[in-house]
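Shared between the two complexes below is subunit A, which pairs with subunit B and subunit C, respectively.
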Partner chain A sequence: MKRDLSIETRSLRRLFKGVPGAGDVVALDSVDLSVEEGEIFGLLGPNGAGKTTLIKILATLLLPTSGEAYVKGLEVVKNAPKIRRLINLVSGGETPGYGILSVKENLWFFSQLYGLSRDGARDRIKQLTDQLGLDTYVDSRMSKLSTGYKQRLNLARGFINNPAVLFLDEPTLGLDVLSAKQLRTFIRSWMADGTKTVLLTTHYMAEADEMCNRVGIIDRGKVLACDTPQRLKMKLASRPSWKIEITPNIQDLDSVRTIQGIVGLSETSNIETGASTLKLVLEDESVMSSLLSKISQNGSKVLAMSKSEPTLEDVYISLVGRGLQ
Partner chain B sequence: MAIADFARSTRESFLVGWKIESNWTDPVLFATYRLVQPLASLLIVAFIVIIGGSLPGPGLQKAYMARIIVSNAFFVYVAQITTNMGWLVNTDRSRYEVLKNIYISPGTLHPYFVGRGLVSVVNATISVIVTLLFSVAVFNGILNLQIPINLLSANLLLLIPATLLGVAGLIAVGYMLAAVSIVSNRLEFILGESVAGVFFLLGGVIFPISALPSWVQPMSAALPVTYFLDVVRDSFGLSATNHLFDMAYLALSTVAIIIVGILVFRRAELRAKRLGLFDRKSEY
Partner chain C sequence: MSLPTIGFRDELLSNLKAAYARMWVRIKGGNREATHFIAEVFLPVLTIGAYVILYRSLGLPSTLGSAVILGGAMIAFWMNVLWNMSAQWYWEKEMGNLEMYMVAPVSRMAILFGMSLGGMINTSIRALGILILGVYVFQVPFQLHDIFTASFIFLLTVVALYSLGMVFASLYMLYGREVWHTNQLLMEPVFFLSGSYFPSIYISAIPFWVQLAATAIPMTVGLDAIRRIAIYGGDISTVWLHIVALIAFILVLFPLARKALNFMESLGKKEGRLTLRWQ
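== the complex of A and B ==
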């Protein structure tokens, strides 16, 4: 293992037992990944792609079926106790602690599990609650907090031991735009010394684009691409990305997907207007005529269409074949 | 994990457990509950005393009453520890969703389980004291039944070590139950109470072991709870058994349960990591 790698996996595979008669479910399929110290590495993928499974293996919660995984050079199966001193995990959308305890009491409990000194714990709790906007709620019971503030507490718990490697599984789930932005700012400032590493899973492409040094796109347990957001987008530069607004929406979207030359397609519907926006990544412009006639055959009208610079979402669509929505 | 770290994690787990179990209501209501709970158990004893009244001979009746009062009072340790620790994983995994976060902390679940078990010990100790005081006050004071229990003459040199050993063994049993409930599916609902029920029937709480069917007696004689209650009754002068043997058995069985508990935990941990059970949500 290279010296400056914080996370490394080699041919990592994880199977889960499926329903009787259906065989095993492949959650991770020969995943090779390297995350360097100081990096924010984003994992993008649809539900069930294997993102959380990978994080659970690295966080010593789950055993791999085969292959190897290392955190800070320590093999996760053999060195779990050592790894636990170096890591923490935040899962979005989960209860961050005991509802009957206050924010401060919850954080104090976890600070003591991580062996912080009493003074050190007090300072750390003060620092985290201030920076994450929890300062006015430190004595409030966790059960009284709104979803967004509970998630802030969850994040504060994850940062309590100042981990060398932090696993963030959908950390901004349930956060409003401003809170999510505050969190991103906080993570960047926390990583400023270059010794911390974050493995982040998210559904928000813009978040991954903004935050991550590198991104891995994962689907059905396989890493389809892994590079900086910029390079991933550049690879797509030769493939035109189009946004087409139509009404009414197309019921049978699969019939559009089968058109030769469509690399990926995602649809976002507007329930109020009945219109929907198709995001397409095409092999080349020649596909447009077939596409427009298909839309017409479906009885839909084109309201607007525009060609755009490739975004991370377009990269995702072109690799996975569909959007996250 | 260093002993000091383990002790600190245990202490904080105890404090968290105490807050969870005591802060659910205002202090007056909590204090009332803490009093009512053992008194309700005392009512059960009162009914048993009435049934015990049908035994032949006034001396036998009173000795029997004293036996069930003391046994029943101290059985609270068994009931509280096994029930609460058997249920602990379910609430922390499904309701509070903190089990996995505690598990990936340096001390994992060991000090946490012990600390939470100690909360049950404190609660049970309060219940034991209240039950004994009220029993003497009601049966010997108000009803003047002259049951042979003298709290002031209890042999503390026998009672305290026996209680400490008994409690240590019970926490080890609770630790084992908590480990089993990590990998069990819905068993957590009955785990603690089932074990407490078996201990109640076979531990000599109500019936002397000699009154049990002969095929059950070896099981009863193997249970540490039997010896724990034996020595406790001895310390109140209610029976005359071989103290040294009972204490030695209690000590050895406690060590054995701790060892078995650790082995069970390791098996459960391995299975939970294989199947991904540390963050499993109950869907019922």
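== the complex of A and C ==
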């Protein structure tokens, strides 16, 4: 059975004025996207890829330059006030609220922006503070909270109106591993009834792999691929993924990128050891000999190498040509 | 796909709740720290005191001291309008709150209205403190016979001032650090033109065109009317023109605030500057 679409964009385009003489910056370029009700949809992309621009258009904070965008069937430009009753937005790293007020007071204030009744607000605040581990801090001033707890408060704010569509822009930014896991568990339980939709942007591939029903990979304003994490990984199954640890790191990484047969490459450096880990997606194994000789020419030594099953990160590298790091 | 519909009554209720909540935040936030209140009452009295002492030492009429105390109390409103109303969207943007307001399903005017009410209540308490302390310390004369008209004019003045604050808040919405400079520019000239520390209209020493310009500021008109009633024993017949002017200010400024707010919000969305920080 085909489910209703919660989010839909058609040829969505957004330009920003660039620096004088440099022309306009294309933040979104003919983006077509459909997110069904009940889905957690992940948007993956490097900084400046257009993720936040897309979320801001859908959350009625920004007008598109051309194209159409719909939330719950409502066109975002013409029906902004109606859409706002159905959505909420949480931007990771933001800590909206008033430092002088307590957690409970801040949440009560947010609840009033959504017209919750006194009892409804009280129950919702209790439920959210319990579930997000804020229960011991309800009477603490927001200014006294640690960054992680402020972020939890921000998340509680996002759920206060029980939105039909929730936009989460890097929600686990600033959260420790345990808190991020708690949040993921909370989102899944919140979505259990199948009527809620989440559009999530993240830099954490494992998070997207674990949480999202489908992901879209976006770069320079274009959606390069859109499917379930499993299917995206399967498409890459014929292309070997390798992890090679080298020392010292290669100064001219672009010279490696130009080797024919390398689909994508990302490098993670370890400052303590001076070693680098190269993640590579190759056309086939025959590239390995040229690759190893290039590493050697650069004066680097191979410390370890292993072949791995394709991950979402490999999919990302193969499509974007580089990693997120 | 069935979507919930919302009637006029529910929408109104929702906006009133938001306005009340924003007012509550302002009152709670403004009074939680006792030091804020003490500083905002005692420090202005020092400035007022300097003028009262100066006028006394020059042998000028004691009513000038009364005028200064009333002016000092009204200055609290102008400061609040500038820094806590006009610049408020800027603060909210820097704190990350503007995005939250813009995504919420309530009228931005409801939020501004709530801010205004909270500001009026907070500042009225402070202004009363300044007035009581000033009168107690400097023992200046008052001849208040028509308390109803005085209260009515005070209310009109404050509403007109906050309506102006709402206009500024809307215009400042897309501002970055320019807010600081603009507020500085609006602060001292208005202190001077509105006659906070000396009467600036009907005084021959001040050129006519300056007096005329001064009447374009709601505080000048309101302050002059309140002084006429509270210090010189006037009644409604002596200030009816002031009342007309203040009502005219409100009738023009309130709708202007709404128009400016809608315009700036649309412009911000178009240019992508609505929630852009560190400008």
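Assume the second predicted complex is superposed on the first by the 322 of 325 C-alpha atoms of A that agree within 3 Å, B and C clash if a C-alpha of one lies under 4 Å from a C-alpha of the other, contacts with A are read in each partner's own complex, and residues count from 1 in each chain.
Note that a residue touches a chain if its C-beta (ideal position, glycine included) is under 8 Å from a C-beta of that chain, and two chains touch if they have at least 3 such contacts.
The model shown is predicted, which means the values in this text are computed figures rather than measured ones.
Once both complexes are superposed on subunit A, the partners subunit B and subunit C clash.
In the superposed model, A:E267 makes contact with neither subunit B nor subunit C.
Using the contact criterion defined above for the overlaid structures, shared-chain residue A:G97 touches subunit B and also reaches subunit C.
By the document's definition of touching, both partners, subunit B and subunit C, reach A:L113.
In the superposed pair of complexes, A:E36 makes contact with neither subunit B nor subunit C. Of the two partner chains, neither subunit B nor subunit C is touched by A:D227. With both structures placed on the common chain, the touch criterion links A:L61 to subunit B and to subunit C. In the superposed model, A:E75 makes contact with neither subunit B nor subunit C. In the superposition on chain A, A:D4 makes contact with subunit C only, not with subunit B.
Counting contacts as defined above, subunit A residues 16, 56, 59-63, 81, 84-85, 87-89, 91, 94-98, 100-101, 105, 108-110, 112-115, 157 meet subunit B in one complex and subunit C in the other. Those residues of subunit C that touch subunit A in the shared complex are 1, 3-4, 6, 10, 13-14, 17-18, 20-22, 24-25, 28-29, 32-33, 95-97, 99-106, 266, 269-272, 274-275. For subunit B in complex with subunit A, the touching residues are 1, 5, 8-9, 11-13, 15-16, 19-20, 23-24, 95-98, 100-108, 112, 270, 273-274, 276, 278-279.
Touching subunit B in their complex are the following residues of subunit A: 16, 53, 56, 59-63, 81, 84-85, 87-89, 91, 94-101, 105, 108-110, 112-115, 157. Residues 4, 14, 16-17, 56, 59-63, 72-74, 81-82, 84-89, 91, 94-98, 100-101, 105, 108-110, 112-115, 157 of subunit A are the ones touching subunit C in the complex.
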